[in-house]
Amino acid sequence: MKKLINDPENVVREELSGIARAHGDRVEVHVDPHYIVRTDAPVQGKVALVSGGGSGHEPMHGGFVGMGMLDAACPGEVFTSPTPDQMEAATKAVDGGAGVVHIVKNYTGDVMNFEMAAELVRSEGTEVESVLVDDDVAVQDSLYTAGRRGVGATVLMEKIAGAAAEQRRPLKEVVDLCRKVNDNARSMGMALTSCTVPAAGKPTFELGDDEVEIGIGIHGEPGRQRLKLAPVHDIVEMMATPIVDDLPFKSGDQVLAFVNGMGGTPLIELYIVFNELASFLDGRGIAIGRNLIGPYITSLEMQGCSITLLKLDDELTDLWDAPVNTPGLRWGV
Amino acid sequence: MKKLINDPENVVREELSGIARAHGDRVEVHVDPHYIVRTDAPVQGKVALVSGGGSGHEPMHGGFVGMGMLDAACPGEVFTSPTPDQMEAATKAVDGGAGVVHIVKNYTGDVMNFEMAAELVRSEGTEVESVLVDDDVAVQDSLYTAGRRGVGATVLMEKIAGAAAEQRRPLKEVVDLCRKVNDNARSMGMALTSCTVPAAGKPTFELGDDEVEIGIGIHGEPGRQRLKLAPVHDIVEMMATPIVDDLPFKSGDQVLAFVNGMGGTPLIELYIVFNELASFLDGRGIAIGRNLIGPYITSLEMQGCSITLLKLDDELTDLWDAPVNTPGLRWGV
Amino acid sequence: MTVTHDDVVRWIRAFADAIAQNKDSLTDLDSAIGDADHGINMHRGMTAVLAKMDGDGSADIGALLKTVGMTLVSSVGGAGGPLYGTLFLRLGAAAAGKEELTDEDWVAMVTAGVEGVQSRGKAEPKDKTMVDALIPARDALASAVAAGEPFADALRSSAAAAEEGMRATIPLVARKGRASYLGERSAGHQDPGATSSWLLMRTAAETFGDHME
Amino acid sequence: MTVTHDDVVRWIRAFADAIAQNKDSLTDLDSAIGDADHGINMHRGMTAVLAKMDGDGSADIGALLKTVGMTLVSSVGGAGGPLYGTLFLRLGAAAAGKEELTDEDWVAMVTAGVEGVQSRGKAEPKDKTMVDALIPARDALASAVAAGEPFADALRSSAAAAEEGMRATIPLVARKGRASYLGERSAGHQDPGATSSWLLMRTAAETFGDHME
């Protein structure tokens, strides 16, 4: 295992210390329990957004704390969802009297820990609504399984709901917007290489020199299919087809196209992926109204990418364009 | 070789096509000869900044074209400096009558190609000044060698000089500022893994599972020292000590600390590097006034990082803080 | 023929030991169908539990187990944290105020614990989760105690049933937790949570059973 | 005993062929002490040159070589582009208007070409660059022609001198170009540019010498 770390045990603590030193102008980092919070929290009268999840997906979620996006984020150990006491502390720290939204990616661990946290804070009188993100079409959805994973749509939801909260929209509207984003977004990921959890010390899975894994999650969970390495044209088609067919996205639709790097993929490749995606969508008569290209929801040093499409309307577009000032996403201010 | 590409021959062309489709709101991409230019170029009465270099370092340089930074960038083939006809066309496209600055990283190829381009455009009446970036302390400087490489300081120079040009400062002032940045910045890089030039198809160098290369360039050029993998604490010390000693940076100095990812390094590790760097600088009495953390000048999918320190004064700080709106760097607007 | 507060402390320590010794193999199991952290997570949790236990002076077994549960909830994270946390919280609630446990107490506690896991995680038998080790363990324990078998034998049957349930997860296609994302590809691998649950039942049998022989 | 326009065309094609055949080995040499692109770059350039030459109708050798130079400048990039571009531009300038070349013409052309490379790149002998192949080649050529040796022999000596100069780059510590960043670690590797320059001189000897025998 080759990483720029000291002790695998201290990875998250030292990362948080780096974030605190780097972004003290915008965020405060609390240790024990760990959470990252806007320096101006709680913002009175504003719905507060709290998210969280395992570490190793940076900039998500800590990098999305700030004006126009999250009020707080709870980082767990690497790839391990955080604990209820973190979420409880973060929720209390950001509660500005207008209610708190928990943005929860649909993983058993995240769901159960956020559930326990919500039970705790509700019993103490804070109004909390939970929203689930489950946009990953690589996973079959069913009442009898854990359901789809939450992946790329999380970033879009945090941005869009964050803008709505910033406009002082009420709790119900913010929650409805979160659901609208989730309902209109679909994603799929793939990996060229595995990643290595620091504490595990070896790659989560092994891929041959000529193999790719399609339908990968963001925790190094193996995907559903292992295929021979193919030109990116074919790979994008394999990812975009189930995305488009699932919603379905139709001719005439406007979308936000999000090409996400898994952590070890250079930007040059992401632009090539985006180029293929744009051609693919041209062929389906789908217009790209907005785009986001880069490593925003990562899997440590994994090489690979994911594609997320979000069907846009004027409301979502305006909220996407609204100012945001976080370490990981910034414009308009 | 595992990459998200189609044909190694078409990597740059397809990347540029992706950039054109993604960022058409801010930049225009010209093909044959290849250059990327602000949509509002030439800006009359503004000094124009042109840079360029091999591809594979994204977002540099194409990602830094836009308001407050570069007017144009010339992308060469992967790791190969662009050709004079690209620079000539780009220079003409951005000349707003106030002169053009060529920001040239000190590599034999870049220097000679920009030199030929400058000869061409000067002979046609355009006022051009060239500025060399050579901040890499891993390379011994000498009159009898090619001298130090230009690395991380390039990003800082392009941002700071771009802000000055945006304020309509005259050519000489912009050039002087470029030199001031170069004179006050020092860098050093390291690699955990090699990268693979697509057309070459195999890693540029081989590193053992327990080895790191210190003093690496941004083209997969081997460094000056191969060492056993060490805790990041030691690695940062090995990199920061020669940087600080070279200028030298002294107790009481304010710096911009730039921790750059080489393309395959996840943000979580860069924050740990930054954390170590901050402690190291604490120990030397050097204050971090500004920071930049992320993959900004990369080496394809190489894992590793570089550290750049720039000594700040009020002028440099203000120009750093000035609004910038490029695909790769954005704030204040 | 009763389990004392000290026995329970020895059991927790034995479970922590077993987790420490199987940390890598649990994580390996989790690499195959999950995210390679189950051993790491449980080890972090049990290390925190040991640190907490050092200062415990009371004799209330319920309070002790509640502390274990709270500590797991706030230190493990992932799916394991809430599930094992809830398990111990329910064990503790069922043992509230008790300074000794009879075999019937233990049956009632395990029954409450497993119920907690199911109400938290919504997993049914054959979903390929820890439930597949816990339910057979609870059933074997309950029927052995009901049949009047010696407690040590009942504990041994319950550990054996947990082991069998754990092995029976191998061919299953996961329907809950991270492994469910793999669909058919999850078959052929033993569930990590079922494995740690077997360790839990095995260490209980070893500690309480040993004491009683 | 003269070199015709057709001979020059055959030489350029032969050089392009040699580059194509040695593309990978040139790139490998460049991996060791540079950035793994010299073969790729030169091949891209010579492919562009071949495409340009197809449409060339004039008999002016100077014009032909100038086109080669311009094409290399605008298609190779890196250090190789300006250096080989300048080399061919200077060959072309020295042959301006000529439809045939004598051995003295060739000496004058090579001399001008090497001068161009040096004024562009500022490299001196023993800096471990293409200059280390070109200067010995020029010197051997010039003295053989001055001594009245048959042109084919003079060409052979110049190719042999280039080869020797190329091999002599192996122990050198680079002082110019990308390899200089390596300092002492650059010793022990043959310079890629010196290698492609040897191919240039060797194909000239083979094409022009062969024709004359």
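Going in written order, the chains are labelled A, B, C and D, and every chain counts its residues from 1.
In the analysis below, a contact is a pair of C-beta atoms (placed from the backbone, for glycine too) under 8 Å apart; a residue touches a chain by one contact, two chains touch by 3 or more.
Keep in mind that what you see is a predicted model, and the values were worked out from it rather than measured.
Chemist: Moving only from a chain to one it touches, give the least number of moves from chain C to chain D.
Modeler: Graph distance in the chain contact network comes out at 3.
Chemist: From chain C, which chain is the farthest off, judged by mean CA positions?
Modeler: Measuring from the centre of chain C, the most distant chain centre belongs to D.
Chemist: What's the distance between the Cα centroids of chain B and chain C, rounded to whole Å?
Modeler: Comparing mean C-alpha positions, chain C is 55 Å from chain B.
Chemist: With chain centres taken as the means of their Cα atoms, state the distance from chain A to chain B in Å.
Modeler: Computed value for the inter-centroid distance: 29 Å.
Chemist: When the centre of a chain is set as the mean of its C-alpha atoms, what distance in Å lies between chain A and chain C?
Modeler: Chain centres of chain A and chain C, defined by C-alpha means, are spaced 32 Å apart.
Chemist: Where in chain B do residues touch two or more of the other chains?
Modeler: Residues 78 of chain B touch two or more partner chains.
Chemist: Which chain D residues sit where two or more other chains touch them?
Modeler: None at all.
Chemist: Linking chains that touch, what shape results: line, ring, star, complete or other?
Modeler: Graph shape here is a line: each chain touches the next, no loop.
Chemist: Which chains touch which?
Modeler: A-B, A-C, B-D
Chemist: Where on chain A does chain B make contact in their complex?
Modeler: Residue list for chain A touching chain B: 2-7, 11, 14-15, 17-19, 21-22, 55-56, 58-59, 63, 78, 192-193, 209-210, 212, 229, 231-233, 235, 263-276, 278, 288, 291, 293, 295, 298, 300-301, 303-305, 330-333.
Chemist: Write out the stretch or stretches of chain D touching chain B in their complex.
Modeler: My answer: residues 27, 31, 33-37, 40-41, 44, 73-83, 85, 120-121, 175-178, 180-183, 185.
Chemist: Residues of chain B touching chain D in their complex?
Modeler: Contact set of chain B toward chain D: 33, 54, 76-85, 107-109, 112-113, 115-116, 138-140, 144-146, 149, 197, 199-200, 204-205, 217, 219-222, 224.
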